[in-house]
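Have a look at these structures, which come just after this line.
Both complexes shown next keep chain A, but they swap its partner, so chain B is in the first and chain C is in the second.
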Partner chain A sequence: MSDRLFGCALRLLAGCYAGLVALPLLALLLHATPATLAAALRSPVVWQAVGLSLLTATAATLLVVAGALPLAWLLTRQVTRWRGLLTTLLELPAALPPAVAGLGLLLAFGRYQLLGPWLTRCGLPPVALTPAAVVLAQMLVAGPLFLRAARAALEAVPPRVLQASAVLGAGEATTFRRIVLPLARPGLLGGALVTWARALGELGATLLFAGNLPGWTQTMPSAIFVTWQVDRTAAVSLSVLLLLLSAGALLLARRCAGEVL
Partner chain B sequence: MSELRAHLRLRRGAWQLELEFALDGHTALVGPNGSGKTTVLDLLTGLAAPDQGAVWVAGDCVLDTARRLALPPARRRLGYVFQDAALFGHLSVAQNVGYGPAVGHGAAAQVDELLGQFELTELAARRPLELSAGERQRVAVARALAAEPRWLLLDEPFAALDVAARPLLRARLLATLEVRGVPALLVTHDAEEAFGLGGEVLVLEAGRLVEQGPAERLAASPSSAFGAALAQSNHYRGQVVASPAPGQAVVQVASLRWTVPTPAAVGVPLALVVPPAEVLLATAPPATSARNQVVGVVAAVQCTAAGCRVTVQGAVRITALVTPAALQELGLAVGSPAVALFKVSAVKIC
Partner chain C sequence: MTGRRLVVTGSLAVLAGCARPELPAPAAVAPVTLQVFAAASLREVVPALSAAYSQAEPGVTLLANYAGSQDLVAQVQAGASADVFLSANRDHPQKLADAGLVAPPVVFALNQVAIAATPRNQRVRSYRDLLQPGTRLVICAEEVPAGKYAGQWLAKLPSAEAATLRERVVSAEASVDGVLHKVRLGEADAGLAYRTDVRRGGLRDVPLPPGTAISASYAASTVTAAPHAAEAAAFLTWLRGPAAGQVLRDAGFELPAP
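Up next is the complex of A and B:
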């Protein structure tokens, strides 16, 4: 194959793929006028869904960071022969169909399932069909994205730099706070924003585990799912809003990673 | 000056490190690549753990595997300058130098003084990425000293520097160490650095100390292959072909046969070192008690304050260290026929 033909083939395939990705997004944006968008945003159902989504996605992201950051650090520091297997297991939910993740959550936390009776004995309310279930579903599906990003960011900190800190008199906690976190911060922030965007768009696991109760567990994606049957304009408006929020998060993530916008 | 004493044993697959030393002043640690020099520094500072061993710094035991004692690196108070500087990229030069005091090691007041001593005051606000290789190493040395270490360990700190910058930083480092009374253990490949440190030289080969002594003695009369290469001494490989007398062997080196002081049996391969100071020069084969000689022509003459190094190319290449007066008396110049001679006792077996 000549270089010219190769260049043409590259551009053609890349253009087809980029078009395939851009076309649905463009269709959404073309379908929504500012007037319909403003009208939809005045609907209480839409606002409740937006509020719940923003709140649960933020809570899920913070909880993921709190748990997955230490986990990523341990996985980076500890060299065990189980590390590969453990990492695969921890990242598996991101590769599973969300419905499978939702079913797993139901079987783990459902009232009469694995942990349900124990939670009841401890006087805790059932988790399924509550906003807590929305957060758990988002954590399970979006968490692996942060874990992967955090591991990459932490592994990029040169070991000699950590050793320099130790020799200069800093303990492990001080080194983590003063050296590791600042050096890994762009990667960690980028990972958190991508996780937040993914949590915001989570649908399958949420529907199965948290249900779709307006004002209680109905997130933006669940609202789009049901509104599409009855009010297409509202569904499109919600979709455009979700699209803009996700795009904003991804652009910010790129900015955090020091990439050109 | 505080003493640094250690005995260490470490096995990694087929490779093994086993050594023991007691240092009480500036020391250069030299050896070929893969001999374990950096590993020794890592073991001393606690960045790696030996299978067996103990380390004392100024009388304090910081590691003793027999007692299951292993202080973490943060509590050993040993400074370490890495080959690649390992600066903190998110901190300014001043914050890098002040890191030790900021985490409780060393006085913050001396940070400005160190920045001045290493000509970093103008660069204090810069980030490491904005610095040259030489500037980065100056920051690394100042940073290590700001934590007030009892010893400063340096892993080829001048390797990334250009030839002109090396002597400047070396001189500045030595002056600062002198003022602060901090002894240094310097890993280097450079003869000038090893001998210029003015203390002991340790030669490490394949995880073992094969030679140890004052720099002057090692420079004049090395007894190991690497020490010889470092001191630009004459080193050869040969094989024993005869045993003419007890404690002596005839060794075939290229087409030459030399008598050397060893009881090694016929067939044994040997590495020999002949210090240039032990080699005599003549214009023709003389009647002498020296048993070993190389007949050839003068290939190079290099005169310095230490004397003239005259290299004779015959069946092998051999360098003699003679005085300028002797050189003039013999009338030797490049291209002149010459004979290099040395006694049996001048040969060192590695």
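Up next is the complex of A and C:
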């Protein structure tokens, strides 16, 4: 009897939660008809936003991988007392409200803030309110997802394999390239895809740090944010596109990790 | 958040009631909190209006929610609990009035489009400086009233200059707050906002070319489904009276002809 009750409670709670997740997605899909989607796809503003989003999210993901993969490896290899604190600090931007991340970026890279004057002296153009700012915002907010995935993937490489490689005379560089990377590849790829999907959806930090200009810094989320009050059809069409792209990336990520679809 | 707070206060009240059954009944006139949905460009003047109104009507407190007027329209459409809607234009509340969501809007204040230059550099000292290559200009998106007024202003300029200015735009923000924020930090050299914004701290007022003034009308309406309809109507009557007019003029607004 108590087991049956437990089973019922499990199913009820799980059903409620799944419904909560599924309903908004369903509502968006129901709101968009093929005709409105096609109309949205013919609008140049939508294409500009889609193009800019794909470009910036890909750039942000590649740059995150370039920096966070070495970082994850160092954190895995070196056991220091500060590792826990350091990891928390590095993962913090993912937990912060994106607007806070955007404000931090403005105060760090702004023309008259921390680094800005120095960048100007080096002859560099301003960072804020440019596509570069879009990429930086996405990196800051989405990067922790890759760092976490990369650490898990690298830590799963058995130390015995590394020792065997060293015994056989391979240096650290060779071991990393020939042993660690191939073994960690599924986890790293999966992490990169999740990071890409998060970068694609970034809004708060982008609005604050990069602004919003069609064809320059307006990503899909910012286009949705600015147009939804006046042109709900366009906003819903863009949302559905974003939904499909993210779903594709997440499915692919599961596939990379070797999970059943 | 408010809901939770209500629940918490409610539970505390119940608990207090349990502990002290001899608690006197609340006074006959309960204090009323009016929810005022106000355009972002009213952010500075609404607290002053609120202070003045609390002297006229001690039992009524104003609780303001600021956003771009187009955001507020969407919030009212979505059924947000509001008593009064103060929009930075007439079209937005008119749209809601046509749908029966608010009473017909009444203009209560006027403003002017203005160029706000950053205090961080001297790049923009006159209108001509805006046309220089490399000048970074921010405006509001065309969905926002301030963006519409900016478009009207550009349309009054020679078309070649308007085209150049459009090239100088580095961001089209979702509210005047966004424009002012970026100009104050110096990320933009100048922005298009309202005269009342430029008057307050720090920003430099750059005169518009002669003959290109654009007037902005602020319209007030009571929300049809207002929780405090009578108090909302009383506030609107006060808003068009001499006491509110003085507060609005002090903040740099003009008043409509009576």
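Definition applied: the second predicted complex is superposed on the first by the 260 of 261 C-alpha atoms of A that agree within 3 Å, B and C clash if a C-alpha of one lies under 4 Å from a C-alpha of the other, contacts with A are read in each partner's own complex, and residues count from 1 in each chain.
We adopt the following convention: a residue touches a chain if its C-beta (ideal position, glycine included) is under 8 Å from a C-beta of that chain, and two chains touch if they have at least 3 such contacts.
Computed from a predicted structure; not experimentally measured.
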Touching partner for A:Gly211 - first (chain B), second (chain C), both, neither: second
Which of chain B and chain C A:Leu96 touches, first, second, both or neither: neither
Chain B versus chain C as contact partner of A:Val226, first or second or both or neither: second
Chain B versus chain C as contact partner of A:Gln113, first or second or both or neither: second
Partner chain(s) touched by A:Gln163 [first = chain B, second = chain C, both, neither]: first
Which of chain B and chain C A:Leu41 touches, first, second, both or neither: neither
Which partner, chain B or chain C, touches more chain A residues: C
First, second, both or neither for A:Leu129, with chain B first and chain C second: second
Chain A residues contacted in one complex by chain B, in the other by chain C: none
Contacting residues of chain B [partner chain A, same complex]: 45-47, 72-80, 82, 84, 86-90, 99-100, 102-106, 143-144, 147
Chain A residues touching chain B - in the complex, by the definition given at the top: 158, 160-161, 163-171, 174, 178-179, 182-183
Chain C residues touching chain A - in the complex, by the definition given at the top: 70-71, 73-74, 120, 136, 138, 141, 143, 169-174, 178, 182, 185-188
Partner chain C, residues of chain A touching it in the complex: 106, 110-113, 126, 128-130, 207, 210-214, 216-217, 225-230
